Amino acid sequence: MRIGVLTSGGDCPGLNAVIRSVVHRAVVDHGDEVIGFHDGWRGLLEGDHRPLDLEAVAGILATGGTILGSSRVRPEQLRDGVERARSHVAKLGLDAVIPIGGEGTLKAARLLSDAGLPIVGVPKTIDNDIASTDVTFGFDTAVGVATEALDRLKTTAESHQRVLIVEVMGRHTGWIALHSGMAAGAHAIVVPERPFCIDELTAVVGKRFAAGKRFAIVVAAEGAKPRPGSMAFETGGTDVYGHERFAGIARQLAVELERRLAKEARPVILGHVQRGGTPTAYDRVLATRFGWHAVEAAHSGAFGMMTALRGTRITLVPLAEAVERLKTVPHERYDEAGCVL
Amino acid sequence: MRIGVLTSGGDCPGLNAVIRSVVHRAVVDHGDEVIGFHDGWRGLLEGDHRPLDLEAVAGILATGGTILGSSRVRPEQLRDGVERARSHVAKLGLDAVIPIGGEGTLKAARLLSDAGLPIVGVPKTIDNDIASTDVTFGFDTAVGVATEALDRLKTTAESHQRVLIVEVMGRHTGWIALHSGMAAGAHAIVVPERPFCIDELTAVVGKRFAAGKRFAIVVAAEGAKPRPGSMAFETGGTDVYGHERFAGIARQLAVELERRLAKEARPVILGHVQRGGTPTAYDRVLATRFGWHAVEAAHSGAFGMMTALRGTRITLVPLAEAVERLKTVPHERYDEAGCVL
Amino acid sequence: MRIGVLTSGGDCPGLNAVIRSVVHRAVVDHGDEVIGFHDGWRGLLEGDHRPLDLEAVAGILATGGTILGSSRVRPEQLRDGVERARSHVAKLGLDAVIPIGGEGTLKAARLLSDAGLPIVGVPKTIDNDIASTDVTFGFDTAVGVATEALDRLKTTAESHQRVLIVEVMGRHTGWIALHSGMAAGAHAIVVPERPFCIDELTAVVGKRFAAGKRFAIVVAAEGAKPRPGSMAFETGGTDVYGHERFAGIARQLAVELERRLAKEARPVILGHVQRGGTPTAYDRVLATRFGWHAVEAAHSGAFGMMTALRGTRITLVPLAEAVERLKTVPHERYDEAGCVL
Amino acid sequence: MRIGVLTSGGDCPGLNAVIRSVVHRAVVDHGDEVIGFHDGWRGLLEGDHRPLDLEAVAGILATGGTILGSSRVRPEQLRDGVERARSHVAKLGLDAVIPIGGEGTLKAARLLSDAGLPIVGVPKTIDNDIASTDVTFGFDTAVGVATEALDRLKTTAESHQRVLIVEVMGRHTGWIALHSGMAAGAHAIVVPERPFCIDELTAVVGKRFAAGKRFAIVVAAEGAKPRPGSMAFETGGTDVYGHERFAGIARQLAVELERRLAKEARPVILGHVQRGGTPTAYDRVLATRFGWHAVEAAHSGAFGMMTALRGTRITLVPLAEAVERLKTVPHERYDEAGCVL
C-alpha cells in the first residue's frame, strides 16, 4: 500500500507522534510505503512531498511542531483544488491519504472524501472542540502548560494583592479554561459557550476580598464574551481566513474589574506557549494510537472515517458526523467546577 | 449532613485534591459538616479525627501526599473492627463515610458497606488496575514522571552505548510500563500480565545493535516475570501485608542481557518518585470531579457505590463490581504498542 | 538576640527560602527570637508583625511568593517614617532588622541604616540588576521559565512560519533577555542598555528567511527601545511609584517587522509567570545561603551591609555601594551571545 | 583555522551546547573549519571524524547527550597513542583540538598538550569536582533533577511515615548531595569528603521522630562512607577503568537505620536520570560561553589552557592546575547547610 500523510492548521503537540506512528505501523508491520506532503493541503494540491521511512521519523516522538510543515488554506482554495488533489493522488499511486488536522482540515477531508478520494482523518486540536471523540491530542499539553502558569501566577497575585485575569486558548469553547481553571483552583472561569454577567463576576471576586483573601485568579477563554449590555466590549473583528480575531478579553476585564473593585487587576495572556513544545505523555500515547488506527483503517478500506477516542478504546467515526457541530462544554461540567460564571 | 473522609494505602498524587473537593462541595454548596479521619482506617477504628473546613483545605489542590495521613491495615484487622467502626460512625453522627483508596481499601469499604455502613468509595491507584473505571487519578502523574525520566535516560543510554532496563511501578499490571514506554518510544516493554521469553527479548535488543543503533531502552513493570524455565529468576517473597515483594526484575534482566549480548546493560529503578509530588492537571481535574460526585452520591443515598470515569462522565458503580477483579491491560493495547513482549 | 524580617517589592522566587533560612539559623543555632513584619515596610512603619518560629516556616522552602506579604511604599513615605520605624524597633526590642528586597528596598534600607538602625540587607531581584553581587536569587528561576517558554514557542513559530517577538522582564537591564535568549538559541536579542536599530534587526531576521529558514525568534527585554529616530515608538509613561511603565515593545516590534518583512510577526508577552512559583534549586540554595549569612552579619554587628555572592562565596558589601548604580550587562557578554543588537 | 572537537567521558547535559557554540563562533565569526571526532579520544586516535558545519549543529542546543558520541579510554591507551594522535592532527591540518570532558579527559588533554599538541580543554562534569573553575555545566541540571525528585519523595515519605535515603551522584565529592539536599530541605546529608558517624546520623533522624515528625529524608552521595568501625560496610570494588564502583550506600544505610530506629527505611537510587536529557538554562548559557571562549583561546594560541568560570567571567586556566587536585566541598559550606554530618 502507498499512504500519504499531511498535517494542517495550527501547531499542536503530538503531530509528530502521529506521523511517526503511521510510518512505524505502515512500514514495519505492513510493508507499506509512506510519503509526507509538505505544508498541509498545499503539498497535496501541488504534489510537493517526500518519502517517509523509519530514519525520517527517528527521534520525533517527543518533539513539538510538525516535521512536514503546515499552512492554512482557505476553504474555497481547496474546493477548487479537488481535481488537482485527485490527480496527484493518482500520479503518486496513493491508496490512502491521512490528513491530520482540526475542524477546518476535517471539513476539507470530508469534501475530498465525498469526491471519492481515499481519506482517513486524524483529529487534532488543542481546543478539544471536535465532536465524536472524547478528546484529542494536544489538549492535555495545553491544559498542562496553562495550569503550570496558573500555579506560578498565584503566588504573584497573592504577593501583589491583585486580581489576575489569565487568558487561555479557546476561541469557541471553554475546555482549556475549564480544565486549567479547575486544576489550578481558579476563583472564576468565563467561557465562550456562556456569555458572562460582569456584575456577577465582580460580586464573586469582591466577595473574596471582603472575606479577607488577598488575591483572585480569573481564567478567561479567549473567546469568552460578556452578556450583551452587561459591559462595554470591543470585538476583535475577523482575519483573512474568516476566523474571529480574539478580542483581548483579559485586558478588557482587567480594566473593568479594576474600576469596579478598586483593586489592582492585571491581564496575563498565555498565548502561543500553550500550543508548542513537547507533548505530555498522555498526548504522545493518544497520538501514537491514532496513527496506528489510521493505518488500520486504510488497510480495511474504512475511508471517510476519522479516528476517535471513546472511553479507553480507539474507534472510527464518520468524518461527516465529526464536523457537523462543535463539541461545547456540557452543563454538568459547569456544575462540577463550581466557579464557571 | 455529616460526612467523614479518609485516605488509605500508598501515596498517590491527587488525594488532597479529592479531600478539598469533598469539603468544597459539601460545605459550600450543601452546608454539610465534614470531618477527616487520621491515618486511614486506623482513624475510623479509633475515632481519631479532626474537622475539615474550607481553611483546612486551602492551598492543598496541587500538593502531593495526603493531609490526613495514611496507613496500611491488614484485612483481618478491619474484619474484626466492623463493630468499632460502626460505633464511631454512630457516635460522630456521620451520614456518610468516603474512603479514598486502592484495591485493598475498596475491599474493606465493601465489607463495611455490606455490614450496613453508609459508604461511598473513591478509587485511587497509580497502577490503574481498578476495574469499572476507565482510569483513576495518580496514574497520569506516575506515567508523566516515568516518561520524563525515560526521556532523560535515552541520551545517557546513547552516549554510553548501553542497554538500560528501566523498572517502573506495576505489581500486577503493566499500565504504567505500557503508557510510559509508548510515550518515550521504548524498544521493548515487559509486563506482569504476559510472562516474557528472554530469548525473544534478547533478539529484539540484539537486532537493534545489529542494525547499527547505539542503545536500547527496555521498560519493565516491577511485577514482570520471565516465562517459567526461560531464564533463572529469583522472586522477592511476600511482605507482612501479604503483598508480593518486587523481585528486582531490572537488575536480573541487566545481568542476563549483558551476558547474552556482550553489551553493557544497566538497571534503573525509578521507585517512589512515581507516586509522590504535585499531580498533573489531568489528575487534579479527575480527583476534583471524583470528590464532587462522591458528595452527590452521599446526598442521594447511593451507598455501596464508587465513583468511576466512563468516557468523559463520572458515574457510580457498585463497590462489589469494582473489587471483583483486577483490570489488566487488554490484548489490543499490546498490538498498538508494537513492542510489548 | 531579637531579629525582625520583612520582604518588600515585587514577587520573587526564593523569598520564603530566605525567611526560612533566617529562622533556622537564628532560632536553632543561635537561640534567637525572630519576628516577621507584614507587607514589607508597611509592617515596620506600623509595628504590624508576628512571631516566626520553626513551625511557621515549615514547608515553605520550595514555595513561591512570601508568607509575610509585600507592598510597595513610595520613597518619600519611608523618608518620613524613619522615626516611626526607630520607635517600633525599640519597642519590639530588636537587635537587627533584615529587609529582603530589590533596589528600592535596599535604598530604603540604607536610609534607615544611615539613621542608625541595625540593618542587614538581603538583595532580591529577578532582573539581576543589583550591583555588588554576582547574582541574586529569583533570576535563575525567571530565566528558566522564560527559556522553557521559548523552547515551546520555537516549534509554533516554525509550524506557522512566523517571526515571534517574545517580551521578557527587564525594565532597565537585559539580563533575562540575554540569558534566556542564549539558552534558547534566539536569533536576535534587544536590551535596554543598547538602543537597537530597527534596520539592523530587520536585516538579521530577513537574512534568516532569505537563507530558507522558516521562522525567527526575537527576544526583547520589556525596557528595550529603538534608537531615537530609528522607528516610530510610543513610550509607556510612568506609574504612581515613578517606575516607567513598559511600552509594549514586543507589540510595537511585531507591527513594524510584519510591515517591513511581509512575514507574519506576533508578540508574546511572558509577563508575571516569570516571577512567581517554585524557585529553581539554584535559587533555593542561594536564598538559603543569603539568609544564613544575614543572621551571621547581625551577630557580628555588620550593620549597613548586604549579603552578596562573589564567585562561590557569600560576602558582605556596604549597602551604600550596592545601591550606587544599576548593574548593566557588560559589553563582552554581548559579544559572547553574538545576537544582541 | 581548522579546529577539531571531541567529547569524552560520561553523559553530561550541555555537551551539545558546547559543540554548537564552537561551530557558531568558529565558522560564522572567524570563517574557520571545524571537524568533530567520533566517540571521544578513540576518534582522535583513529582519525575517525566528520565535518561540523552550521547545519550539523542546528537544533542541538537544548538536547542531552552528544552528537559526536563518547567513549571511555584507559589512561595507558592514550599514553601509548600520543604519536598516533599527533599524526592525525598533522594529516588533518588541525590548528587546534578542543576536548570536552571531565577529570580523566583533562588529564589526557594535558598529556597531549605537554607533548606539544595544540589543545584547549573545556571542563565537563556533573559532579562539579574540577578545580580552577567555580562550576561546570551539567552540575546545575543534575542538581535540578535530584531536587525535583526529592520534592516528590517528601510527600511519599510523609504519607508512608518512612525514612527515605536518597542516593545521588558524587563519587568523590558531595556537591550534588549538598546542593540538592539544601534545595529540598533534607534532614541529613552524607558526603564522601567527610566519613559519617552512623550513631550521629541515627540520632539526627531519631530526634525528628521523637519530636513528632512523620518522616525524614537523608541525602547520600554515592561515594559517602561511614567512619571506619562505625558500622558494617561493604565496598563496591573497582571497575575496569580503575574507578571505584559505588557501594550502594543508600541500601546499606536503609538496612542499618531501619534496624536502629525501628522505622521503615527505604533506599531510592536516582541514578542515570541525573546525567541525561535537556540542560537547564544555566547550563546552556555556561556551555555556550565555554565553547565561545575555547575558540578564542585557540585563535590567540592559548594552548594547554582550559576555560573556567570565575565569578561572572570566563577565563583561561592552565590544564596542569586544573587536574592537580579534585575540588572538594569546603568546610564553610557544611556549616551553611547545617545538616551535613
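In order of appearance the chains are A, B, C and D, and numbering begins at 1 in each one.
As a convention for this text, a residue touches a chain if its C-beta (ideal position, glycine included) is under 8 Å from a C-beta of that chain, and two chains touch if they have at least 3 such contacts.
Since this is a predicted model, take the numbers as computed values, not measurements.
Averaging C-alpha coordinates per chain places the centre of chain A 35 Å away from that of chain C.
Averaging Cα coordinates per chain places chain B and chain C 41 Å apart.
Note on chain placement: the centre of chain A and the centre of chain B lie 30 Å apart, centres being C-alpha means. Among all residues of chain B, those that touch two or more other chains are 151.
If each chain is drawn as a node and touching chains are joined, the picture is one closed loop, every chain linked to exactly two others.
A list of each chain pair in contact follows: A-B, A-C, B-D, C-D. For chain A in complex with chain C, the residues that touch the partner chain are 10-11, 63-66, 69-71, 145, 149, 151-161, 164, 214, 266, 268-269, 271-273, 275-278. Contact residues on chain D toward chain C in their complex (touch as defined above): 24-25, 28-29, 61-62, 134-135, 140, 143-144, 146-147, 151, 179-180, 182-185, 280-282, 284-285, 288-289, 292-293, 310-314, 332, 336, 338.
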